[in-house]
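Pasting the structures here.
Heads up, the next two complexes both have chain A, just with different partners, chain B and then chain C.
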Partner chain A sequence: MMKEYAYFPGCSLEQIGLSYHQSSIETTKKLGVELKELEDWNCCGATTYFHVDELLAYALCARNLAMAEKDGLDLVAPCSACYKNSYFTNKYLKEDPDLAEHINYALEEDNLSFSGQIEVKHLIEVFVHDVGFDEIRNNVSKPLEGLRVAPYYGCQILRPKKDDEDVEQAEYFEELLSAIGAEPIPYPLKLKCCGGSLLISNRIAALSMVRNLLQNAEENGAAVIATACPMCQVNLECYQQQVNQEFGTRFSVPVVYFTQLMGLALGIPGKKLGIGKEIVAATPLAPYAT
Partner chain B sequence: MTEKVGVYICHCGSNIAGVVDVEEVAKWAGESLEGVTVSREYKFMCSSLGQELIEDDIKNEGLTRVVVAACSPHLHEKTFRRACANAGLNPYLCQMASIREQVSWVVEDKELATEKAKAMIAGAVNRVQLHEELEPSLVPVNPNTLVVGGGIAGIQASLELADAGYPVYLVEREPSIGGHMAQFDKTFPTLDCAACILTPKMSDVGAHPNINLLSYSEVEEVSGYVGNFSVRIKKKAKYVDEEKCTGCGICIEKCPKKVIDDVFEAGMGYRKSIYRPFPQAVPNIPVIDTESCTYFERGKCKACQIFCPTEAIDFEQQDSYLDVDVGNIILATGYDLFDCKAMPQYGYGRLANVFTSLEFERMCNASGPTEGKIVLRDGVTEPESVLIVHCVGSRDENHNRYCSAICCMSALKFGHLVVEKTNAEVTSCYIDMRTNQKGYEEFYERLLEEGMNFIRGKVAEVTDAARFPGEEDKLIVQVEDTLLGIQRRIPVDMVVLMAALEPRADAREVGLQFGIACSMEGWFTERHPKLDPVATMTDGIFIAGVAQGPKDIPAVVAQGAAAAARVQGMITKGTVEIEPVVATINEEMCSGCRICNTLCPFNAIEYLEDKEVSYINSVLCKGCGTCVAACPAQAISGAHFSNEQIFAEIEGLLYDVISGNGAKAPQVEREPIPA
Partner chain C sequence: MVKPSFSDEIANLLHASHGNPLKTCIQCGTCSGTCPVVDYMDHTPRRIIGMIRANLKDEVLASNTFWYCASCYHCTVRCPAQIDIAETMYALKRYSIWKHVHQEGLVGPTFSETFVKTILRSGRSFEPILATSYLFSAGVRELIQEAVTGTKMMLKGRLPMLPPRIKRLDNFKRMVSRVIPLEAE
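Take a look at the complex of A and B:
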């Protein structure tokens, strides 16, 4: 049976994260999951809006939730920031009837309402929990044997903490990479922040954070870094050159989306997965992208 | 009403008079309140002059009731009741109005405070006129004492009592007494060896004719009341006959099964399946751990039984129960150590060379798993650098807000041991250095001179993610040096986490079992934090040691002795007065529904089968009033809290809003409630 989700790509996936969007759609289709894009989705508020006006920010996220609920589908976001904002908005609205009342008052303007009937998931959770490693393993046609991948969780997909989740030592990304035949490498900084939007306000501090991550992944033998967030991807890849200039380093680590790796393993042509559009060339993937 | 009421309003220096207009209140009470014949205010009513004022008025003015408006009855009710009794008035005809705790300390507006004081006094005056004369009953005090917990606090308390000639039952959960102190190496600040000062006391306990040591045992049930508790103690099966065992240890030697010792060795060492925690254990009798014993697992082995020269091993042994009667109980149940895995940023459990303070303590101990050598987790490599992280789980909003009190000094002791035993550089990362007991600051000075490094700042993270040259294969400690205002990355070989002291995981259940309260954190609550630190709100139950709150060994020993002294006082006196403020059942009205029987938190109500009514044991009853409120037939009345008395008090409190009294309640300006 086809699993269906309301798909909330978020702003990044329309442009800079286009390859994440393409590979998400392709891989899920291959695994019998349909991502039904929300028809009139809006921005999640990103990292800033919750600090500007919390109530309005909740209303913004709640609109997407309400539309998904109307379709009777759980909401899936591939972007960690979209996921985190939608996740805790959903949680708070369920737990705080006072807040829900305020928000529903605003949603009325759009003939919408939200009663807390759906769940919010990150795309990686759909693969890990809903599809399952066995199902993925069964569908792999080109296992990524010998590819040393640094699984980069970033800081947002594990927060807020869910029941029984080890937020400091998560392992599911590694297991997912193993399921597609790749070799996940252990490195201590896998959960550390990429700097987020700090690049705008404190460039040097942010570049230093990126440097630490690249160094830690490279020293532990990573051929590529796999991310699950367009923000992380941009910071780690697009600013590598600036890191090199600033700190005199010579990093050249490709940073790809985990869905791109999955797509290759599932036998989807690289072109359909947006491979080839990298700034740091993804040469280590060449043997697998035939 | 024909009672003559005297009202006495205390200034409490400026505590009350600074906020409440006491002259005005006294004048008002004398003029407006029915039944009041004398109304006075005085600087300190609790002083002997203040008390004499009351006594004189009772004698000269013929007062039949007394109201003292002052502090909380917790503090001085006894004082004023005694004053009444001195003048020949039944002490229960005296009532207090708490116009300090409930008025002057909490109401800022002087006018409102004065009005509130008036209402409180009006309530007390109304109520006191309906009071009845009550007489306390006397019950004998059993000279036996139960001490729960055989750490240094329980040991001290037991020895004090036993040496004074009184019988003690000492119950210890583990196979040996000694507690945490037995695990330590040195004790600060004098650095005398913990075992050297503890084991003589332990063997004194083991050999004392007045101490009945019940190791590997737990209290199962407690009933009764001050002076007369009945306690059921569960003696867990040791599978070793205590009468026959000589403590030779051959069984331990021959036992083929080795398991990690998570309790005494803090997971650092091994013990056998039949074991005693350490060589100087008291009692010296080993126990079999059935969870790991090969015989209990597979039905084969019996090596211990085969080799035991006195046939003391008994695989058929069952848990047994011992019922004892005691007059008083001392709880000295100690503490648990904070689980350092709850702070994953410090890497404990993931990074091999991060140790807890208790692990390090065992490592330093000459009889410990490394025979006193300070080495990395591999068991052989001596560290070149050690960093000690303070306040792990203490002074931390995410875990425990309180200071664990002993860690700074323990850290200094560890620093000294590192300097003494290795060539390693040792650094302490502290928030504040707290060395405020006798000889402690001097010890801190000594460590400064011995070359220990001190960095003021709470450690953010311990990681193995090397970034700079020199960090490879090290633990890197990230900390903000708040004195220099810089971030530091310190590569070291070993990290020691000074774990917080936490209440025992089952402290709340134990508290409930013995009828005493716990603080928010779970420490046992003392009767008064300064003036009655080892007694509890339940008469006859005393507390000592870290179970009451974090403290060091000298303070623990002092509390153990203090609790024993309090118990001795009770025993020497021989009898104890039981409050007459209790509930009674009117048998004619009782339908025998038994609703009250299960509700009573003190198990004071029993059902009389022959009469088909319930009966309240007045010695067990604490006068809480639960049954009074619950009785559907209104057959139960609470002395001192009858319906009439309570309604009269409420009427008094509301004197100014009851129509026809002519007075109007002060209007409080409120913020409008948002729509």
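Take a look at the complex of A and C:
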């Protein structure tokens, strides 16, 4: 049976991370999963709503959750920030009826209500838990043999902690890469922050965090870095040149979405996966994109 | 009536947090050792917690520490006293915006307010507008670098030209005004 989810792409996937959107749609379709885009979704607020007003932040995330509930579908977010905000709003509203009542009073204005009927997942969790490695392996037609990939988790897929999962030694990204025939390399800084939320407010700190991640990937022989978040991708890729200017380094490491790698292994043409929109050309993928 | 101390005020802001209260901090410094931005902060996260508990309100509000928090939650997951430290940094940001008190020259407070206003106007975020909060504080070199990066992204079709907006914007704005009063446009 076709698995179906309410898909909340988030603002970044509309343009800056368009290739993530394209590759998410293509790979899920190939694996029998349908992502039904939430009609009229709004911004999750990234980190900044919470700087200004906590209730407002919950209300805005709850609007998306209530729309997914209306469709009777679990909510899937490909962006780690959207995921974290949606996940914890869902959790807190389920646990706190007073908070939910307050938020529902606001949601009435858009004829919506939150009743806590759905779950929130990150897109990578859909592949890892709901589709499963066996199913993915069975659908691989062009294994990415010999492609050395640094699995970059970043922060907000794993943190804050949700249940009793291991937040210090996650391995599922590596397993996913192995399932498509690629070679996940040891990447000691894989859980370290890329500084995405600081790019405007503390540029030099953000660039130095990017530098550390690029250097660690290069030292471990990565041909590409794989990410599961548009903020991480933009930070690591588009700001590479600024890192080089600032620190006198010469990094040139392609940074791609894990869905683009999956797509290639599933035999989907590179163009449909948004490959070619990179600023640091993804040349190591060329042999697999034919 | 007794006026609450600064330490109480921050503790009250954390009432909804799921971590332990700040007074359970054992000052071990795991947060400071974990923090990826600690080198750029006036005071380490461990020290800021100690300063809050000592009611050093002016010194805390004058520091850049919480504005430089990257929201990576690494300290939160490692705290042996299970204090939600990243959430504490959020609480300090809210307190600072609410009181209009922060260190001179920080971009963070302006950026946060611009971001939120953008979203409340259209329902979605729009990168080119967000960059305007940056223009006032950045140096010439940074601006040129940013323009070069922006141009490269635009050439690859990765920057939006027009601000997006949601369809049910009127409902959305009325919804927001049930939570916080909106300024007239």
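Here is the rule we go by: the second predicted complex is superposed on the first by the 290 of 290 C-alpha atoms of A that agree within 3 Å, B and C clash if a C-alpha of one lies under 4 Å from a C-alpha of the other, contacts with A are read in each partner's own complex, and residues count from 1 in each chain.
In the analysis below, contacts are C-beta pairs under 8 Å (C-beta built on N, C-alpha and C of every residue); 3 or more make two chains touch, one makes a residue touch a chain.
Since this is a predicted model, take the numbers as computed values, not measurements.
Applying the stated contact rule after C-alpha superposition, one finds that A:Y187 touches chain B and leaves chain C untouched. Ranking chain B and chain C by residues of chain A touched puts C first. Look at A:E125: by the touch rule set out above, it reaches neither chain B nor chain C. Contacts of A:E69 after superposition: neither chain B nor chain C is touched. By the touch criterion defined above, A:E26 lies against neither chain B nor chain C after alignment on the C-alpha atoms of chain A.
Contacts of A:E219 after superposition on the shared chain: chain B is touched, whereas chain C is not. Shared-chain residue A:V52: touches chain C; no touch with chain B.
Counting contacts as defined above, chain A residues 167-168 meet chain B in one complex and chain C in the other. The residues of chain B lying in touch with chain A in their complex are 344-345, 350, 463-467. By the touch criterion stated above, chain A contacts chain B in their complex at residues 166-169, 187-189, 212, 215-216, 219. Residues 11, 14-18, 40-43, 45-56, 59-60, 63, 92, 96, 99, 105-111, 155-156, 159-161, 167-168, 191-193, 195-198, 200-206, 209, 238-239, 241-242, 245, 277-279 of chain A touch chain C in their complex.
On the chain C side of its complex with chain A, the touching residues are 16, 36-37, 39-40, 67-68, 70-74, 76-77, 84, 86, 90, 93-94, 97, 106-109, 111-113, 115-116, 119, 123-127, 130-131, 133-134, 138, 142, 145, 148-149, 152-153, 156-160, 164, 166-168, 171-172, 174-176, 178-180.
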